[in-house]
Amino acid sequence: GNESGGDQQTENNELQEVDIMLDWYPNAVHSYLYTAQEKGYFEEEGLDVNIMFPTNPTDPLNLAAAGEVDLGITYQPDVITARTEGIPVVSVAAIVRSPLNHVVYKADSDIERPRDLEGRTVGYPGIPVNEPIVETMVEADGGQFDEVDLVDIGFELQSSLVSGRADAVSGAYINHEVPVLEHAGTAVEYFDPVDYGVPPFYELVLVTNEETLEEDEAKINAFWSAAEKGYTYMKDHPEESLDILFENEDQENFPLEQAVEEESLDILMGKMETEEEAFGTQSRESWEETISWLEEMDYISETPDAEEIFVNTAE
Amino acid sequence: MNKRYRPEHQETALEFRDVTYTHKGSQSAIFQHVQAEVKQGEFVSLLGPSGSGKSTFFRLAAGLSHPDQGTVFLHGSVPETRLGRVGYMPQQDLLLPWRTILENGMLPLEINGVPKKEAAHNVSAHLKAFGLDGVENQYPHELSGGMRQRVSFLRAVVGGSDILMLDEPFSALDSITRFMMQEWLLEQWQMAGQTLIFITHDIEEALFLSDRILLFTQPPIEGRFTEITVPLPRPRKENARDHPELLKLKRELINRMRGEGGII
Amino acid sequence: MNKRYRPEHQETALEFRDVTYTHKGSQSAIFQHVQAEVKQGEFVSLLGPSGSGKSTFFRLAAGLSHPDQGTVFLHGSVPETRLGRVGYMPQQDLLLPWRTILENGMLPLEINGVPKKEAAHNVSAHLKAFGLDGVENQYPHELSGGMRQRVSFLRAVVGGSDILMLDEPFSALDSITRFMMQEWLLEQWQMAGQTLIFITHDIEEALFLSDRILLFTQPPIEGRFTEITVPLPRPRKENARDHPELLKLKRELINRMRGEGGII
Amino acid sequence: MNRWKSAGTSYAGAALLAAAFFIIWEAGARWYDTPYILPAPSAVLQRLWELADILFLVHLPATLLVIVTGLAVSIVCGVGIAVLMSRSRAVEKSVFPLLITSQTIPIIALAPIFVLWFGYSMWSKVAVTVLITFFPITVGAFDGLRAASKDMEDLLRTMGAGSWQIFRKVQVPMALPSFYSGLKVAVTLSVIGAAIGEWLGADAGLGYFSRRMMTQMDAAGVFAPIVLLSLLGIGLFLGVKAIEYATTKRGGRRS
Amino acid sequence: MNRWKSAGTSYAGAALLAAAFFIIWEAGARWYDTPYILPAPSAVLQRLWELADILFLVHLPATLLVIVTGLAVSIVCGVGIAVLMSRSRAVEKSVFPLLITSQTIPIIALAPIFVLWFGYSMWSKVAVTVLITFFPITVGAFDGLRAASKDMEDLLRTMGAGSWQIFRKVQVPMALPSFYSGLKVAVTLSVIGAAIGEWLGADAGLGYFSRRMMTQMDAAGVFAPIVLLSLLGIGLFLGVKAIEYATTKRGGRRS
């Protein structure tokens, strides 16, 4: 707010704090946020944004629900599950509009199609939706899901695949783990869930808790408009945005490779907005489709009202 | 040599009048309408087998327990509390291991609010008489058993009460050290003249030391204690141990206690 | 009454010939060229202050330690090992708490490979004489101190060695119980006639019980022990305690030991 | 470790306090009314009932297998080392300081790497369980073996006993109470060890299930398997007590 | 807990054994040659050196803050409860059995839910640390306060001492050795507690860093912060020893 007119100090004091927890460590999918941060868009909206990384894959959803953070980036099916548990989370924007999550396996293994996963260890990062994904894929390919040994391996996706502790992993991203593994010299192949009966759900959505939304709607709107500005800038200056990202990378925890992130951003651009749908918008149809898929899979026992699950912050 | 004045009708230092006492949670009484008195300046031993109530007698006298019935008099009157009025020398020396000899001696004074400096001065004055000069800055574990008992006695004396109760103070010592401590105690007492009440289960010790012995039998004890007056003159020297009167009394006491003790 | 045969020239049960011994890691020797012998059937006490080497003497005799120089003879010869040849009754009774009285008594027999049934039978035969019939199926903690000591003695006797060494067996008992145990021990010994070697620091106890006393002084002990032969006849009754000879010897010993003990 | 015993006297006050705790929790949870953060005890019990099938038939056996295997390994190795240490001063002097030092090192922090070594098999969880139960078992057994006093051993030697006889007739019976004390500590720790192991990567087990319920924001579901774990811990504890009762003779228990 | 002491005699055999262990490890690691599964000790040290900056400046302080705060909370509450228990039989009888029972319950398995309650703040880790250190501190202090024998207290009462004087002049000095024993156990556990806490949700700290390195298959990087954690544990242990030495008088330490 440049029109607020107070001196610098009081203006700083007036900045509203926003805690946002990413779905993962900073990578290309977050560059619009870092761009918004770096370009001062958040500050213009009167926000002091604190970007956090999760220790457990489900923390963004859980902590947003518990009110420990204001916003979390998480997965559409998980939001649906949470709603059926009576947990008051609301999706305020869709960030990636179709699955990045693919089932990845080493190229030199003799896995050729999803049903080959029978009798093998498939690791997943503790995010529950991986179960119906793998189930849908294996069954769609005529296999027996019962025969698949699904193991919660936390964040150890790459290491368990490389060390051979898991034969395949679900929950690995086509824009990240795949190029990283390739880059590190492990040739991998993958199945796209959408090819095997899984609906094209929103891979990443931005969630908050009902209470936060009610009390701080203005803050969340302000956050989103800054984020949109960041996105627009990123679209126009992808190279510079990546540079900004690299300045913010978590070097010791999650070192990034220039080539990988470039490739990643390329893949993402096509998934963050489409011809018909602008960045961040959500459609009732998408939510309903995903809900009915989960229902079919007996993954949820109640049908949440699609109207209550999301609020279109983006217009 | 005998500095002590012993009139026939001394004042009473301690008196149990009609005292009845039952341990909490216990079925049967230890004392029933018990009568006993100890005169000022007397050396009285409580002699009896284990479990006969000697320590209980002491706890009542010192104010650690309270009679169910009857009254305990100190110097002829009933004080508000007997705690702090009777000095106590326990069986184990119970010296505080983190305090030096001097600091251990100062304990009762500190508790009564005497300033440290004055307390230290006060205790130091006694060290020599107790054969403890030179070790005042050592810690208890550096001393022999006999020396520790002397510190314990010093601590009881320094407290200033003129009634001292000693609960089997020498039973942990070996026999030679014990002999020597008995003689030393007698000397100290003959000089200072407090009232001493001495608990023991050693017949010889009781006979050699005391003016009078109160015999404790299996509880309950009713009415008056069986009393034995030791007919030896004061001051007693080491050879008093072999006095024929003592040997006779000893024989009598052994037989009597054996009769009562039953199975070993 | 006196069943025991005591010729002037009995056989030697135990002999230390020219024994020198230093504790491992210690600077100075405990024994230097020590000579001592105990005749068959004799009751010998080892009397001395704490730390004078009485237990060390025992360990050498029993084969738990080995002399640096010199030889220990049992019954005039040098056995391959002295372990298992000498019975031992320790200061604390050291009964195994998870074994009944009977089972504790059977221990030395079991160790020597006697079948359980026979061992039980063997021990049972002794129970009455030791005043333990009726308690054979109880556990040690259910018995009084005096009874536990009798079990411990029973166990030493059952082992079958005819040399028994008792290391301060009564020092944990109260004085009345102690008197009774002394008399009881004397009775048992007068009946059975083993060789008894008795460690104590109680002068009266040593005098009342023994034929002979070996005096232990501050180590190192060199050559022959100072010996005292107790001039009392056997069998001794309780009143032997007051025998004028004994009182005289006691006085002598007290003075002697006090002289050597130095500071308490 | 006598404190286990002293707890057995009068439970009235304790029961009251525990009841008060649960009542306040229930009331607080109802008042706060956000069951995904703070479920009421009644909700936890209800969830336990609903999940009983899967918990009892799938996850409890998985955890139990880990615990039993881990304890077995710890007992075999721990008692073995304790015996070696008790028989040789040299072994004791070299091994014991290392054992002690190892306790000042947070080896449990190494647990994540077990997954690399043992994969997601049972053995990574067993390894964590062993790590956490090994020390109390070894020290309990060793302290016990040492408890047989030198005097007692000497007594038996004067009877002509060899070292095997001394071991069997004195050291082992003497060691049992202390060994069982160590084992009681170990069984309660083993439950924690298995749960921690399951956090690191698993597909079954109560610890895994609890964590999985976390991912579904089902707090009552988080607590339910923990209630079972607690019962398992208490059950194991009582089991050891029963074995202790059966294997130590009456006289061995001092009053 | 005298075993801490007995370790202080002769270290030669232990040092040798430890050296042998490291040499075999180094050799084994070089021979096996898959550093992402089994790094050589030398590789770990090298990695420690490379990462020194970030480990010492960022993660060590974060962990230390958690540990110190957790220990402080445990000491204040634990000693408080111990004092209450030692002063009143009624409190002891109600609280002590619950304390003991709480140890048979794997409360640590509840740790994941702390993240829901406290978020990624320091407090979720502090809570785990408190959970794990509370018991030894409380029991150490309580056992110590009880160690002052009834006889000693009676002795002081016959001198006319009030209960505050008995507490200050007998119970507290008597309690210190046992309290410090408990504290020594607690500080080594606190390191583990902080590490476990950091696994569950953190953005800094040695336990967190170690686990992150797992994600990158950098086994030497997994071990490096654990080496630091160990040194931290040993350092805290020695620190307590130093404080003990300074605050208990020579006579209080029996030889």
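What to note about this one:
Letters A, B, C, D and E name the chains as they come in the text, with residue numbers starting at 1 for each one.
Please note the rule applied: a contact is a pair of C-beta atoms (placed from the backbone, for glycine too) under 8 Å apart; a residue touches a chain by one contact, two chains touch by 3 or more.
What you are looking at is a predicted structure, and each value in this text was computed from that prediction instead of being measured.
Shared contact partners of chain D and chain E comprise A. Note on connectivity: the fewest chain-to-chain touch steps from chain A to chain C number 2.
Ranking all chains by how far their C-alpha centres lie from the centre of chain B, first place goes to A. With centres computed as the average of Cα coordinates, no chain lies farther from chain E than C.
For the pair chain A and chain D, the distance between mean C-alpha positions equals 40 Å.
Here the spacing of chain B and chain C, counted between their Cα centres, is 35 Å.
Here the spacing of chain B and chain D, counted between their Cα centres, is 52 Å. In chain D, 36-37, 115-116, 211, 214 are the positions where the chain touches two or more neighbouring chains simultaneously. Not a single residue in chain B touches at least two other chains. For chain A, residues touching at least two other chains, in rising order: 56, 62, 66, 156, 159, 163. The chain pairs satisfying the stated touch condition come to A-D, A-E, B-C, B-E, C-D, D-E. Interface of chain D with chain C (complex): residues 149, 151-152, 154-161, 165, 169-170, 173, 248-252, 254-255.
Interface residues of chain B facing chain E in the complex, by the touch rule stated above, are 59, 62-64, 83-88, 90, 92, 94, 96-100, 107-108, 110-112, 139-142, 159. In the complex of the two chains, the chain A residues touching chain E come out as 52-56, 59, 62-63, 66, 68-69, 155-159, 162-163, 252-255.
Those residues of chain B that touch chain C in the complex are listed here as 49-50, 144-147, 174-177, 179-181, 201-204, 238-239, 242, 247, 250-251, 254, 257-258, 261, 263-264.
Considering their complex, residues 35-37, 115-116, 119-120, 200-203, 208, 211-212, 214-218 of chain D touch chain A.
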